[in-house]
Amino acid sequence: MTFSRPIAPVASALREQFRTVRAASVALAAPLSAEDQCIQSMPDASPTKWHLAHTTWFFETVLLQPHAAGYQPFDARFHYLFNSYYEALGPRHPRPQRGLLTRPSLDEVHAYRRHVDEAVLALLAAPEALDWAAIEAIVALGLNHEQQHQELLLTDILHALSCNPLLPAYKPASGPARRLAAVPAEVRWLEQPGGTVEVGHAGEGFCFDNETPRHAALLRPYAIADRLVNCGDYAQFIADGGYRRPELWLSDGWATVQAQGWRHPAYWLEADDPRIATLGAGGGPATPGGWQVFGLHGVRPMEADAPVSQLSFYEAAAYAEWAGARLPTEFEWEAAFDAPGIAQMSGHVWQWTRSSYDPYPGFRPLPGIAAEYNGKFMVGQLVLRGGSVATPAGHTRPSYRNFFPPAARWQFSGLRLAKDL
Amino acid sequence: MTFSRPIAPVASALREQFRTVRAASVALAAPLSAEDQCIQSMPDASPTKWHLAHTTWFFETVLLQPHAAGYQPFDARFHYLFNSYYEALGPRHPRPQRGLLTRPSLDEVHAYRRHVDEAVLALLAAPEALDWAAIEAIVALGLNHEQQHQELLLTDILHALSCNPLLPAYKPASGPARRLAAVPAEVRWLEQPGGTVEVGHAGEGFCFDNETPRHAALLRPYAIADRLVNCGDYAQFIADGGYRRPELWLSDGWATVQAQGWRHPAYWLEADDPRIATLGAGGGPATPGGWQVFGLHGVRPMEADAPVSQLSFYEAAAYAEWAGARLPTEFEWEAAFDAPGIAQMSGHVWQWTRSSYDPYPGFRPLPGIAAEYNGKFMVGQLVLRGGSVATPAGHTRPSYRNFFPPAARWQFSGLRLAKDL
Amino acid sequence: MTFSRPIAPVASALREQFRTVRAASVALAAPLSAEDQCIQSMPDASPTKWHLAHTTWFFETVLLQPHAAGYQPFDARFHYLFNSYYEALGPRHPRPQRGLLTRPSLDEVHAYRRHVDEAVLALLAAPEALDWAAIEAIVALGLNHEQQHQELLLTDILHALSCNPLLPAYKPASGPARRLAAVPAEVRWLEQPGGTVEVGHAGEGFCFDNETPRHAALLRPYAIADRLVNCGDYAQFIADGGYRRPELWLSDGWATVQAQGWRHPAYWLEADDPRIATLGAGGGPATPGGWQVFGLHGVRPMEADAPVSQLSFYEAAAYAEWAGARLPTEFEWEAAFDAPGIAQMSGHVWQWTRSSYDPYPGFRPLPGIAAEYNGKFMVGQLVLRGGSVATPAGHTRPSYRNFFPPAARWQFSGLRLAKDL
Amino acid sequence: MTFSRPIAPVASALREQFRTVRAASVALAAPLSAEDQCIQSMPDASPTKWHLAHTTWFFETVLLQPHAAGYQPFDARFHYLFNSYYEALGPRHPRPQRGLLTRPSLDEVHAYRRHVDEAVLALLAAPEALDWAAIEAIVALGLNHEQQHQELLLTDILHALSCNPLLPAYKPASGPARRLAAVPAEVRWLEQPGGTVEVGHAGEGFCFDNETPRHAALLRPYAIADRLVNCGDYAQFIADGGYRRPELWLSDGWATVQAQGWRHPAYWLEADDPRIATLGAGGGPATPGGWQVFGLHGVRPMEADAPVSQLSFYEAAAYAEWAGARLPTEFEWEAAFDAPGIAQMSGHVWQWTRSSYDPYPGFRPLPGIAAEYNGKFMVGQLVLRGGSVATPAGHTRPSYRNFFPPAARWQFSGLRLAKDL
């Protein structure tokens, strides 16, 4: 890559973007106490403090140590503590024990962030001296990495709070819950022609390696729903015995339903849940079915026209089966991104697709330690498309491939229906 | 489907085919004692006796009970004991406890087989009275089902015998191990043009629902190896630290290597394995590296030019990474089936592909209880193509999709390399 | 120890005893098929065939190899396969995998028994040449060891058969179930003075090391029930909510009740149990409460005046608490052995005591490999006293200490009440 | 019980004692951050904050709610959150999830403590109006309960800090580690006559129900070591292969050694431990063997003459076996409490005995909810006697029975040898 752009204004903009993204992480953690920020509620979720430190470690390790001459690490031991999964970087603190790191303290982690922020900004202040193309790519990766962790910071703390029988709010709602639509809107089916479509990342901007190379795919004609499946829809599935009918479920899904005792989405509460009845969580007027839903604002009455969320792939697939439809493939979803009349494609919930997370034809991982970023997870997971309320603005795009194992249900994950024509 | 064929000769041929396939199951079990046929060595494997009974149950349940007027079940309780996973048919004996069924005895299971065989042959002897199209399809499904279980019967008993420290043979080799090729043949890369290819089952014969519908797929140009990866190749991977280098492995694969202590394929034994050294299993002249391999004929010196087998997907993918290549996708494999110069496409080992087991576009499961046959397993598994030494002759075809979870390694499963052009 | 006895008649008697005990094991296995004799239903239970081989291995290892000049082992590999837990003898086949030993076959194990029997009888036929005191002690230990395994052979196969949903009988009852007593007999409390009592083995005959040394113990005055708790008693405990009232249970016991879903003794079946209702097990006229009980003769209606059996220590202790009584200590039990009016002290069920299995003051294990026989298990277990229907005649005695972990409930284990005065 | 004492001064003294004990808990937590106080490192250990709240809940539940007219609970939901194991008080927060309670915050827990402290002191300020005998007993129980939790607070936070690879100190040592004795002192064996001894609590002061009733026990003559086993002794056991020789271990102990990979006491570090070598924990001059030991002051060189601690019963018993001795029974220990020349009986480490935690003859639990305090744990545990550096001054006594399961090794637990005469 060669640069004909003048570097100084680009570097200046990047510094500003760096400040903005880094500040956003701190702001997300602000409503939480040091205690809140320390705990880990399951091996798949990490403490807030760990997210704050790990994203900092990423800049220190990938940017500063190789590229900032004379950089002094804040604390050499953090290399061990805050590496997530990079085997090439040696042994690291075991993931399931991240919640045991009461030391370093939250204050020390903030000092760590400031130390690294200053070094990064100083580095970017003298761009002419640098291998700018490499630096710019690394910073872009680091910022997108940090944005991914911003979403995880929210979904992980939400999971932790959901394990507290008091079901406390991440932060109080700023106003009353909005009035519910009396009747859920009918779904409209948008017919798509299929054929040969181009998928994967196009253009100049940042993307992850798993979105490349852009390539052609063949689609049959199909229809896709204009909106997400909402809570009212999903409550009908439950009321119709959805969680008791094996014929609707994939085999592994049914085994999970039985082993885990699933009867509704992860954060739904039945009207007689003891956490409401005895411990006083929740409140507000009863909804049809009496469902209450835990979320970032605590427990609120279920809103029928809000997208259903915190759903596993297994539940999404069973719902689709029940509805006489199916999930779209990731390419059907991508091809319909700009379809006239389509809504809620991003900013509400990630949408499970019927596509396993396989490499694209010709896929090559990034060079260096970033090679471990995406490719090594390409087995046993499903692709989600879109983006959620917890996704930082501007972070996602139509070719973006999110991925989780089929039983995961602590994300803002829901679904949109599709069907064959 | 309408039939202009005269039914009688077709029915006669089907009766003959039925006799042949059913007899083959019994013949496969013949070298085994009643004790051998009773045990279950892990939840994923079933006892020989259970395979003999379950395949019989399938004919009883799917063919005789709905279609043979006046059929009397051999024993009403077998409906509970020998259902495998059909939820629509009600509760059933738990899979992990199949090895505890010492009763019914093996003799009773043979009597059950004879009872059902007679009823089926009697039914097929009067084809004019029947809904022949339906009957023929069911019998074909039942026979293909039985052939699948014939392969599993072998892989399952082999696993069971591998758990015996004496490593007994399923049956003695009929002759000496063949002479080893002094030098493994070089792999030749067969270049394929890619483009739009038709995949999935074509033609009149039997196929499973997961092979349909036939559809077009787009392939980039690629090269595929003319032969399978053999034991000599794989021994080099081991010698080069293959099982100690995380950068070669998918994340889940590396976790499995560490958790399970894998250091070689499932049935390979190191030269100093106490089962050889102390208990006297194996024998024969030492090979380079000293490897011995357990198989249907017991422990034999590793043959460098024999295809490597009993490999998980994780190991296959790590080997490919080490070799600077990759696994073919299932469609690349299928498109290359008749490529000039290609060898060992079937009859040696099933070949892991880099394709998750997802439904084909427009996939519809079979109607009735056979709906549970394939579709409900379409998550979390990988496709294997080809066929193995344990696959009954004539059972497989180029469009055949076998599937197993990525950690499974008790099958005759190996790999063939591919690469981008 | 010196012997003034003439050895020849003693040796002749010992040979006869050897033949009798050895034949009894074979006779116990006779009603079982080779399949039955091969399986293992849980890690704590062993296959019948393994019991037959292991008791033989014991004679081979402890008697023949050190003492029979020129003895040729039947198969050197059996040393590895049939060692139970003797660390001093090197590595051995893992206990949880005993059920995977389809080879050696049952026929080979019988040949092994004959080989060892002949060698032992030959050895004992020339007693003058021997260190007879040592030999006699070893043979006595070996025969008592075999008798212990005879009881386990029955309890283990009963557990295995209980895992078969058909609930087959070990052997059919020889006659109709006996007529039930219309009213359970009142318990009579036998008052005992306590004081200083001598406990532990006395006299010349065989005993295990854990019964020694005989020593004095201090007892408070107490009362002990003249009879065992019977099924009718126990059914009242269940009917009174015994399995739902945590205040009756030890903490670990209540945790087990909840984790395992216990609602009645291990082999009791509720009237609507699907194994009776659907699979046709059991039968006979309904009893009050509708209970049926699985046992060596299959499923039979519960007999109110039969001792309750297959009970864990936790259940025994909870029952005693419910009854306003307690379990006797092992010394209270032993001191009351000959109390006037006491009944059912042996030959019905082993009786849980309120004594942990600790070493006696001055306890010394046997020398040599027999040191591992008892002492190393003296933690985490409870003492049972008496003897059961499955205990070979003449095997037990008042000082005999049986022991099992508190959750074990596949033995013929029940209880007798005691209380403070 | 009738009181001829004037109540006012007694009540005044009790108020003072209450203030002292309650303040001690707060002081113990003071060196810890809110983060430190929130986490739970294993199901058996509780967060500091939870200890602070639970001991408060105990006074609220057992004292204030039944006896303080008009008492208003601080927060009704705490009844659910901070009940430990009292089944009679209804459902409660699951023990393994105590570390997820970031709310209530530490500040709120301190406010809870103040609220309850004020109410207790107000109650005790008007003793004439009360059923004083009952109140005094409850307060004494509550204070002893709190002292037990003070010790657990330390052992639990020490375990949590031991899970942090930085091995931080609970608080820095106030001075340099004391100079090591060049040669461990020889053990002297104190011969005891045995005979009939009285054991159990005597006198007027407080004791727990499990120390009663006082009763006679018979002891054989025995010898007991004048001092504890120290680290230098134990290092010799390790150097002599103690952790690799099964013959030294109880069967369950050896299984635990293998399953857990034990090679030394819980908080010992080998010289090449990566936490020292890489992360910089520990320091100080190397000792013979290079052992370092983690403790309340962080990692320090092993002191040969300090009592070995953080030992399981299994390790204690194996050490005794290796030393040709045994553990004392709890009554031998109690009878030797005042033996001339005996040292280190309390204030260093709790001492494992060879006595299972069984009820004393005639044992009766306390009435009311305190019935669940001790009795329901009387199975599967071993008695420890003495008291440790972490035991509050004045809390323990010669008849005090501490108890833990045999594998527990996060306590200040060590051993003293005994032997038969």
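To keep things simple, chains are lettered A, B, C and D as they appear, and every chain counts its residues starting from 1.
Going forward, contacts are C-beta pairs under 8 Å (C-beta built on N, C-alpha and C of every residue); 3 or more make two chains touch, one makes a residue touch a chain.
Chain by chain, the UniProt names read as follows: A, B, C, D = Ergothioneine biosynthesis protein EgtB.
From a predicted model like this one, the values you see are computed outputs, not experimental measurements.
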Separation of chain C from chain A in steps, with touching chains one step apart: 2
Longest centre-to-centre distance from chain D, chain (CA-based): B
Separation of chain A from chain B, taking each centre as the mean of its C-alpha atoms, in whole Å: 38
Intercentroid distance (Cα basis), chain D paired with chain A, Å: 45
Distance from chain D to chain B - Cα centre to Cα centre, in angstrom: 58
Chain D residues counted as touching two or more neighbouring chains: none
Interfacial residue positions of chain C with respect to chain B in the complex: 33-39, 41, 49, 76-77, 80-81, 91, 93, 97, 99-106, 160-161, 163-166, 168, 274, 278-280
For the chain A and chain B complex, residues of the former touching the latter: 85, 87-88, 196, 215-220, 246-247, 249-254, 313-314, 317, 329, 354-359, 361-362, 371-372, 376-380, 382, 406, 420
